[in-house]
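Quick notes on the structure that follows.
Read from first to last, the chains carry the letters A, B, C and D; within each, the first residue is number 1.
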Amino acid sequence: MKNKITKRMLLFRCGTIALLLLIAGLMFIVGRGHTVYFDNKKVSYDGKSIDTPPYRIDVYVNDERVAKLSAGDRGMCSWMGQDFRMRMEITKEKGGKKQIANVALKIPYNMDGIVLNLPALLAGFPQDGYLTEFVPAPAEVTAEDEEIVTDEFGLEGLDDGMEE
Amino acid sequence: MSNENATTKGNVLQTGQQKKKGNSLLNLLASNTVPIMFIIICAVCIPISGFSPAYLINEILTRMGRNTFLILALLIPIMAGMGLNFGMTLGAMAAEIGLIFVSDWQIYGIPGMVLAMIISIPISMLLGLICGKILNAAKGREMVASYIISFFINGIYQLIVLYMMGSIIPIKHTTVKLPRGYGIRNTVSLLNMRQKLDDLLAINVKGVKIPVATFIVIGLLCLFIVWFRKTKLGQDMRAVGQDMEVARDAGIDVERTRIISILMSTVIAGFGMVIYLQNMGNLSTYSSHSQIGMFAIAALLVGGASVDKASIGNVFLGVTLFHLMFIVAPSAGAKITGDSMIGEYFRVFVSYAVITIALIMYETKKRREKSQMAELLAAEQEADA
Amino acid sequence: MEETKTKTFRDRIASFVESFGVPRLIIAGFLLALFIAAPFVGADLPTQISNTINRFCWNGILVLAMVPMVHSGCGLNFGLPLGIISGLLGATLSIELGFTGALSFFAAIVISTPFALILGAGYGWLLNKIKGGEMMIATYVGFSSVSFMCMMWLLLPYHSPNMVWGLSGKGLRTTISLEGYYNQALSGFLRIQIGNFSIPTGALLFFAFMAFCMWAFLHTKTGTAMTAVGSNPSFARAAGINVNKIRMLSVIMSTWLGAVGILVYEQGFGFIQLYMAPFYMALPAVSAILIGGASVNKATIMNVIIGTILFQGIVTMTPTVMNNVIHMDMSEVIRIIASQGMILYALTRKSEGGKS
Amino acid sequence: MSNEHTPLLEIRNIKKDFFGNQVLTDINFRLEEGQVLGFCGENGAGKSTLMKILFGMDVIRETGGYEGDILLNGQKVTFNSPFDAIAAGIGMVHQEFSLIPGFTATENILLDREPQKKSVISEIFGNRLNTLDRKEMSVRAEKAIDRMGVRIDPKMVVNEMPVGHKQFTEIARELSKDQLKLLILDEPTAVLTEKEAEALLDSIRGMASRGIAVIFITHRLHEILSVCDNVVVMRDGFVVKDVPAKDTNVEEITRWMVGRSVENAGSDSASVTDAGSDSRETIMKIEKLWVDMPGETVRNVNLEVKKGEILGIGGLAGQGKLGIPNGVMGLYEAGGKVTFDGKEIPLNSPRKCLDASLAFVSEDRRGVGLLLDESLEWNVAFPAMQIQNKFLKNYLGGLIKWRDEKAIHEVTQKYIDELQIRCTSSRQSAKELSGGNQQKVCLAKAFALEPKFLFVSEPTRGIDVGAKALVLNALKKFNRESGVTVVMISSELEELRQVCDRIAIVSGGKIAGILPAASPSEEFGMLMVSNVK
C-alpha cells in the first residue's frame, strides 16, 4: 500500500526521466566540442587564390590569445558549441598597423576538427573556401599496440601487481 | 521480596550509568583515537616537509573539492547499517563508462560532465541493485562481500571496456580507442573537461584558489543528506540499521530499504567520480576506480567515523587530515630517510592501517558491550550480600 | 527417510548440482571445453598439461594454507600475505646469509619459520579478539602488513649484490632472480621429460608430503578438535576445548604454510617478487579452494587438489585457447570474473552449524 | 454475562497441534469491550500459543494453522500476518522488547506510522521520501503517553531508558494506534519495579474505562486479582477455569494452575525419597552463584546436591533454572563458589568441570549440544576423546594421538543400540535425525564420558511422547545402575516428579525452596510464583 505507484507518481516519474533526457540532449548540443585549427597559409578556391598571407595574425578567443600566427603557421583551440566567435588582430606586413576583425561563424555539428583558413576567411570567400574538416594524419596510427595495464595502484602512480 | 530485588536492579542500573559518565572524557579520547593520531602525524610531518602554508592550503582545498563528494557517498549505507560500502567502486566504474562515451562524442566542459553523470545514473542504478541484492544474501558479511563485488564487477567492467567497446559498442575516435580496433586506451584525456567545474566561479585569495562551484555542489549534497535523514525513508534506514528484526516487525520492508541505500550510494559515488576526474583531467581507464573506495573509506575513518556511525563533520575533518598526511608524508619521508619512496609507501601503509584499526575497534566494541551485563550482575550480588 | 531410496534419476542430478554448486559446474565444464578445444585450435596439449601441472605445484601449498583456518571456523584466510611476508623474509635472509643452490631453499624455510610463528601468533591473537569479523579484518591486516613491508624492504640493511639496487647499493629490488639459488630446487628434482610433456616430480612429491601431513593432522586429537571448533564453536567449548587456543593454532599453521607456499611458488617461478606483489596473492588461493568445493567453514584436501587444478588449468589454458579461437586474449578478464564470482557465491551461501 | 449482544472477542473451540503434539484443546472464552481478562498458567500451558494464534503470527501458519474460530465483534476473522491483526484493532506487547535502541520514545512509538509531509521529490520517488512531521509526531506520542497515564520522557533515547520505561514505550506504541480495541500484554510487569508495576495496573484500569479490552498475562497472581474482571486459568492446553476475579484468590488459582490432585503424584520415586536424602553425603555444594545468561539470570543461588540422588530443578521459564547448570559448567559467565567432591571447581572453565567428571546435556541441542554437520560417531565420541583421551591410538610414544575410528564406531554403535537411536548408520550426520533421536545422541555423548555427576537440561523439550519416556528411563537407569548423581532441569513439573527424588524450585533467579517429589502440587505452585518478578 505504502509503496504503490499511483498514476500521478508514474506521471511525475516519466516527467523526470523526460527532463533528464532533455537535459542530456541539450548537453549534446551545447557541449559538443570542436577543435578549431587556424591556418595562416596560402589558399586557392574556385579560381581565386591568396598567395601572400598576412605577416602575422593574433587570434583571440574569449579574450584570450590562443594563437600567434606568422605566415604559413597553424594554430589551434578548443571550442564548445556551434557558434564560434573570435577576434583577430592582423598585421599585414612587418611593422604594419594592426587591424582588428571580429568573426562569428557556425561550425557544422558533426565535424570534430575544423581547419579555418584565415586569409580566405578575411577575403570573404564562401564557407567551402575557408572551412575544411580536419582529418588526422593516418600515419599517427602505428602498429605498436599499447600494453594494457589493468593492475595499477591507481592514485598517483604507485603500482602494485594485482594477482601474481 | 520481589520488590526489593527489582529496586536494587534499578539502582545498579543507575550507578552503572553514572560510572559511564565519569569516564566520558576518557571515552571521548578513546573514540577519537584515529583523528588524534592523525593530527599528531601531521603535526610532526608538516614542519619536516617544509611546505609553505599557502601551498598546503591550496592543495587541501583542491583535494577537498576532488574527494569530498565521493566520501559523502559512503554515509547512506552506514546509516542503513551496512557498514563501509566498498562497493562504491561500482559507481566509479559507471561514471568512467559515461566519461568514455562523452569523451568519444567530444562533449566538452560542464555539459560533458552533466552528460556523463546522466549516463552514469542508469548504470549505477543497475550495479547498485545487483550489489544490494547480493549484500542482502550475505547479511552479516556485507563488507567482505561488497569488497569482493568491487573486484567481480571490475572484471565485468574490463570485459566491456577492453573487449566490447569498439567492437560491439561503437567508439569512433582513435584518441580513445586502442590501435588494434577495439578496447579503450589506458588513459583517456579529459583535457577539455579539466577543472572546468573547479574554475567556474573560482576565487583567488592570495594565491589560494577556491573552487567555489565545486564546493557549492558538495554543499548541495550535504543539504540533501541532511534533508534525507528527515524523510520517512531516511528514518526507515536508521531503524533498519539499528535493528533489522524490530524494523521488520514494525512493517518496514528491510530488504528493499537496504537495496535502496546501496543504490543511492552507488549513484552518488558515480557523480563523485565525475567530479574527481574532471579535477584530475585524465582517466586511467583500468585503474582510476580501483583504489577509490579504499581512499574514500580511509579518509572517512580518519575523520572519526566508525563502521556504524558517520556524520558530515567526519567527512570534512577526514578529508582534511587524510590529505594533509598524503601531501606531507612523501616529502617528510624523503627528508628523514633520504628515499622518496619511503614516504609514498608510508602513506599507503597508513591508509590501510587506519582502516584496519577502525575495523578492529568496531568489532571489539561490539564484544565489549556484550560483557557489560556480567559486571552489573556481579556488582548487584555484592550489593545483595 | 525412506524417500532417499526411491529418488528418481532427475532428483539425483538435481541434488548433485545443488551440492556441487552451479558456478563450480560452469567452471569445471569450461575447463573441460578448453581441453577438448585445445587440439582443434592448434594448441599443444602436452605442453598445456605440463604447464597446468607445473602451476599446480607452484600454487598448491598456498591453497593448502587455507585449510586450517577454514577448519577452525576463522573463515577464508584473506590475511595470507602475512604468511607470504614471512616466506619472503626467509627467502631474502637465506640469500643474504650466503646459502646457495637447493640448500638455500631449505634454509629459507627454516629461517621463515620463526617469523611465521610470531606473526601468526599475533595475527591469531587479533582474530580471537574480533570473532565474527575475521575475513574483512584479515584482508586489511594483509594489506597493512604488505605496505609496511614495502618500507622495510627499502630500509632493512641488506647487502647481497644480487638483491639490492645496483645504483644505490641499498634497498631490495622489486624482483630478484633465483638463478644460482633455489630456482627449480624442487621442480627440477627427478623431473620426468617426455617430449613436450614434463612432470616436476620433486615439487609434486613435496606437495603430496605437505598434503599428507595436513590430512594426518586432521586425524589426530587436536585436528579433530579443530574441525569441531569450526563446525560448532559452542559445542567445542562445552566439550572443554579451549576454542581460542585451537583457533590460534590454526592461524599459525595457515601462516606457516603461506610462508612455505610462497617459497615453493618462487622456486618454480624463478624469481622473488617483493613490495606490492603479495598484495592480492590471497585471492587466487581463496578462489581456488572454493572452486574445489570448499565452503566458508568446510574444506578438505580433495577440495585443495581439485580446486588448484581447475583454477590453474583455467589460468594456463585460456590465454592460448581463447587467443586461437576468437583472437582476443580474454584470459585475464575471465579469470577475474570466475574467481571473484566464486568467492561471492561462497559468501552468499548460508553457513550451517554454529555461527561464530 | 448476557448473551444478547455480541462480545468484542469470542474464541470458539480453538485447537492447535504441533506435528501431532496437541497443545491447545477446545479453548473457549469471550471478552467484552473495556474488560480486563487475566490469563495465567504454567509454562507450556498454551498461553503463548493461544496469543500467537490471536495475533496471526507466522509460526502458526507455518506449522499447519489451527482449528476453531476467532470472532471479532461477531464477525469471523482470519489473520494471515500480525499486520492483519493490527489492522483489525489488536495490539500486542511481547515479552521481548521490540524497540530501536538509538531512537527516542517518540520515534519508537510511531515507528513506521510517522505522520508525513509531502514534497515535490516524494511525488517522483514515492511516499517514502516524504519528510517526517516532527511536530505532529510529538503531539501524537504525547497523546499516546497521556492515554497510558504513565509519564515517560518522549525525547529520551531507548538505550538510555530504564527497563520499565522501555516497556511503557511499547505500550504507548500500541495505544497510539487509533484502531486499537484489544491489547494483549504478555507478562508486562516481569521487568518492572513494584512502583512501575503499580502504575501499569492503574493505566490498565484507565484503558479499560476508555473501552479498550485488555488481555493480561502474568505470573504475579495478586496483580490479576487487583486489576482483572475475569481470570482464565490454563493447564496442558485446556482452559481449566474461567471465573470472575472477585470470586477467587491466589491459593485457588495456584491450585488450578498446577492441577492434579496430590495423591497420584510422585508414584515410584516417593519410596526412594523417604529414605531421607539429608543423611547422604553432599557431593556438590553451590554457594552464592550468579550467572549472566540472557533471559535466565541467576542471582545468589545456594544449593546442595546429595550423592547418588536425582535432583530436579523446576520453575517458570525465564526465572533462571537454566542458568544454574550453564553457569556451573562454565558456558555463561558466572561468579560464586562451587565445591564438588570436596574440591572447589573454578567457574567459567568448561574444561575444569569436565576434568572433574561432571557432564552436561545442554537444553540448546542444536546450538551447543551437537555438531550438526558431523557424523554421530563424532558427536558421541568427541568430548570423551578430548577430555579423557579415549578412542585414540598413540604413536611415537604418545607424540601423535591418532583418532581410533574403530573404537569410535564401536562405542557409537553400542549407544545406538542401547538408546534405540534411529538412524541409517553411525556415520549419518546429526542434523538429519529427528529431535528425539538428537536428544538421545546428546545423552550418549554424556554417557560416553562416564561422569560421576550429570546435569541434564530440558531433556524432553520438543520431543515426542515415546522418545520422552525412553530418555527419562535411560536417565533413571544411568542413575540407579552407575550410581551417578543427576541434576535434571525441566519446565515440566510432572516429569520432574516422576523421575526425581527432590525438586528445587527456582523463582526470580533464586532457589525458592526444595521439596520432596511427593509434596502436593500446590506447594510447588506457590514456590514457582513466589519471587516472580
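The rule we apply is simple: contacts are C-beta pairs under 8 Å (C-beta built on N, C-alpha and C of every residue); 3 or more make two chains touch, one makes a residue touch a chain.
No experiment lies behind these values; they were computed from the predicted model shown.
J.: Moving only from a chain to one it touches, give the least number of moves from subunit A to subunit D.
T.: Shortest path length, in steps: 1.
J.: By C-alpha centroid distance to the whole-protein centroid, which chain wins?
T.: B
J.: Where the centres are mean C-alpha positions, what is the separation of subunit A from subunit B, in Å?
T.: Their C-alpha centroids are separated by 37 Å.
J.: Report, in whole Å, the distance between the mean C-alpha point of subunit C and the mean C-alpha point of subunit D.
T.: Centre separation, subunit C to subunit D: 47 Å.
J.: Approximately how many whole Å separate the CA-defined centres of subunit B and subunit D?
T.: Distance between chain centres: 45 Å.
J.: Suppose each chain is reduced to the average of its Cα coordinates; what separation in Å results between subunit B and subunit C?
T.: 31
J.: Two-or-more-chain contact residues of subunit B, please, as numbers and ranges.
T.: Touching at least two other chains: 158, 162, 345, 348.
J.: At least two other chains touched by the same residue of subunit C: list those residues.
T.: 283, 332, 336
J.: Two or more other chains in contact with one residue: find those residues in subunit D.
T.: 127-128
J.: In the complex formed with subunit D, which residues of subunit A make contact?
T.: It is residues 2-3, 5, 8-9, 12-13, 15-16 of subunit A that touch subunit D.
J.: Help me check something: in the complex, which residues belonging to subunit D touch subunit A?
T.: Touch list, subunit D to subunit A: 123-124, 126-128.
J.: Taking the touch rule as given, give the residues of subunit D at its contact with subunit B in the complex, in rising order.
T.: Interface residues on subunit D, with respect to subunit B: 82-83, 98-103, 107, 111-112, 114, 116, 122, 127-132, 134, 160, 162-164, 192-194, 220, 288, 290-292, 294, 297, 299-300, 333, 335-336, 508, 530-533.
J.: In the complex formed with subunit C, which residues of subunit B make contact?
T.: Interface residues on subunit B, with respect to subunit C: 134, 137-138, 140-141, 143-145, 147-149, 151-152, 154-156, 158-159, 162-163, 182, 337, 339, 341-342, 345-346, 348-349, 352-353, 355-356, 359-360, 362-364, 366-367.
J.: Under the definition above, what is the set of subunit A residues touching subunit B in their complex?
T.: 3, 20, 23-24, 26-28, 30-34, 78, 80, 112, 136, 140-146, 148-155, 158, 162
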